[in-house]
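Take a look at the structures listed below.
The same chain A turns up in both complexes below, where it pairs with chain B and then with chain C.
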Partner chain A sequence: MSTQGFGATVLRIVRKDLTVEVRSREVAYTTLFFAVSCLLVFAFALVREGRAPEGAGEGILWATLTFAGTLALGRTFERERQSETLRALLLAPVPRAAVYVGKLVGIVGLLLAVEVVLVPLVTLFFGAPLLKRPLWLAGILVTGTIGFAAVGTLFAAMLVRARSRDVLLPVLLYPVVVPVLIAGVRGTSALVDPVFDVAIARFWLALLFAFDAVFVTLALWTFEPVMSD
Partner chain B sequence: MPKWFTPLALLCGAMLAASPLIIANAPYESQMGLVQKIFYYHMPSAWMFLLGAIVCGVASARFLATGAERHDRTALAAAELTVLFGLLTLVTGPLWARRAWGTFWVWDARVTSSLVGWMISCAYLILRKYGGPGSERLGAAVALFGMANVPFIYLSVNYWRTIHPPTSVVPTLKFSMGFPLMFCVTAFLLFFILLMAMRTRLEESRARLDALYLALDE
Partner chain C sequence: MTPDATSGSTSTFDFDTVVVNGVSRAYGRRRALHGVSFGASRGDIIGVLGPNGAGKSTLLGIVSTLLRPTSGTVAYGTSGPADPAAVRSRLGVLGHDLFLYPELTARENLTFFAALYGCAHVAARVDDALARAGLASRADDAAVGFSRGMRQRLALERALIHDPRLVLLDEPFTGLDEASASALLARLRALRADGRIVVLATHDLDLADGLLDKALFLRDGRLLEEVARPERVRAAYKDVLGR
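Take a look at the complex of A and B:
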């Protein structure tokens, strides 16, 4: 049942989340700060004699994104739960899938903003020349973020009313999202390689596209039956 | 229990008891010798692991589509069997690998994706146990993602240069090795079916008991 168009609903939800976030900036600041703290933890864990191990930067970037992303997902839906707005969204005469896509766009936007800060920091702290090929990096980061967020948004929405939701989100999310993580790290590694092999980078990018397609499709199918009860 | 249960259980027990004898009679593989014979348990376990994931995924999809409780019971039973056979696979594999490849663990495509698939099924069970009311539907969504992982696990050895042999090996086995393999696969499959039957019946009884308790309160 949809009296509102799909696209209009998505835009409306994105605008709502953006408005709320711009006023308080709570999720953005806390996620950002957590991501940087996470980088510090990795730095102290891995740096030996003032230098980071070779090839550590890519892995640390994606690991930090995973942890920060999990927190951001949890916080975003916690906010919905507290104001009971999720129920309002589900009761609204709009296509359910549009609610999912709206939330997905919001989360992807937030994570991309975090990445804009993280990439230069990782380059700085760990000596990984991530910015050598910015367009390729952008492609890999965007597709990887969409893959992570596609599953994360579905699971976080699902778990809003579940018990032990804080620990269950990472427990459920990480195994499913590991392939995206692998492809993201390997794709980023291919970019910082002194000998840049386009075929390898293209392969990992294509794989990320495939994961995005599968995950978003599956999430769109399951969002409706899982959220209605 | 249905009428076919006891005869099938006896057959399965006999086959499992006979399998070590049949495996002992199989020829030695040229490079690995005796250690290769773990294969006759490792491969059927792996196939049952993947079968469990598929059954769980299909049952979950049907549960989400129709809402019928029996699909949910099937999904739960299949998830438990996925964890069980996955554990068998992940234990027999490294035992074999230590001798054949020199190391217990290697991060190749199939081993990694199998571990991840196994963890997804463990996560499913954790969700069902601790997620509170409504976790049946949530688990069904997780199981669908788990099932999407299965072709990735199976086909990964064909597309990535890994230390695992590719899927073309099994159809080309000689009869002297193919027969023990198919014998063990059949035995494990029977075991799978029997366990599924028992587990779903347990869940059914539990559901009936809950319904009776509720009816008593009214």
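Take a look at the complex of A and C:
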């Protein structure tokens, strides 16, 4: 039995990460700057005479989120590595799964904040009417972000002491999150179709929910053993 | 196991002895530790001494529960295997890196870890720790602006904030000036008087003179000799490792 509660530990870790980020602004600024830079590169490459290829916006949104999310994951855990504070968290008498959830909540929050900036920019640059169905879009973005971050947080924590962690993280992460990217892109495309098919949108959203349920459960189950050595 | 009313943590788990029995650890094909055994009781200060790569940090990592031994066991008390989280609630670890968040203030660092360990009366406990570290006047400054010595003192208080039974210190004298090193020696003696078990790995052999109840000399992952109460640690080190 752990001596500290799960929820209280999660809250403490989230509050600590938020305080550190507010002071340094390192991860938020670099992630946002990188994401906007990615969008601009795609816009310069693909937009001709003010018109983007049909359906490009949805793919570019998710590709940008994936790249920026990978950067955020790496930077977040680099911070815990520099003074070995991740070891201090693992030494505390708290459920290790709570440490995982605390880090996951922080990363999801950061990526959702980045998405708040990215979505209007994608609409502007690529003419994709992403905000036509905002609630559906929010559902797909939130579930997709949780799925991506659930796998990414586990892998980033596992690799924190690996020498080539910056290379290994995307190599391990991207093949596993392919279903999230496919469901995210196809689900977002369904929202901007001139004829909105609820069944299709619901299917992709359900797929994202299922992915989240499976991978969050797996990560909670495996975080303790993989961090024990 | 006995409950400890003086503990800062809310955990009731406690122990009087630590017994390391035949612990080995391999990293791939390289063996970092070979069958190391020793025991410690309340009030003991154990020195783990040896050249770089001797296995000192690996041994501390295993005793701290962060590393699993490839073979052998570590027993905390006499009542058989305990819940790892309960054991961790009675461990205080000062690593070679300091386990501090540089962006947080001294007070925030101590408060965060005191809360993680479920300490009662966190604010008063943190104030006491800041006073002991000589950082009361810098309590609300970010740790990033501290000298190495100040961070070392803060890190020591972080490791001790929950009154652990077993204190594991990896190079605790690093970066300390003479006055701070003397203060640390006094603190270690106070921990001994208070019934704590201290295991410290250090290269500062002269500072350990007259401090250790037992010195473990390691080389290439093997325990060469266990010397009880060495008065001249450097002489004992040269004698054992020079053979």
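We adopt the following convention: the second predicted complex is superposed on the first by the 228 of 229 C-alpha atoms of A that agree within 3 Å, B and C clash if a C-alpha of one lies under 4 Å from a C-alpha of the other, contacts with A are read in each partner's own complex, and residues count from 1 in each chain.
The criterion applied here is as follows: contacts are C-beta pairs under 8 Å (C-beta built on N, C-alpha and C of every residue); 3 or more make two chains touch, one makes a residue touch a chain.
Computed from a prediction, not measured in an experiment: that's the story for all the values here.
Of the two partner chains placed around the shared chain by superposition, neither chain B nor chain C is touched by A:45. Looking at the shared chain after the overlay, A:179 reaches chain B, while chain C stays out of its contact range. Contacts of A:135 after superposition on the shared chain: neither chain B nor chain C is touched. In the superposition on chain A, A:218 makes contact with chain B only, not with chain C.
Legend: residue contacts after superposition of the two complexes on their common chain; A:161 is shown touching chain B, with no touch to chain C.
Residues 229 of chain A lie at the contact with chain B in one complex and at the contact with chain C in the other. Contacts from chain A toward chain B in the complex involve residues 151, 154-155, 158-159, 161-164, 168, 171-172, 174-176, 178-179, 182, 214-215, 218, 221-222, 225-226, 229.
In the complex of the two chains, the chain C residues touching chain A come out as 9-11, 64-68, 83, 85-86, 88-89, 91, 93, 95, 97-104, 108, 112-113, 115-118, 142, 158.
Across the complex, chain A is touched by residues 64-65, 112-113, 116-117, 119-120, 123, 126-127, 130-132, 134-135, 137-138, 140-142, 144-146, 148-149, 152 of chain B.
Contact residues on chain A toward chain C in their complex (touch as defined above): 1-4, 9, 12, 16, 19-20, 23-24, 82-85, 87-95, 228-229.
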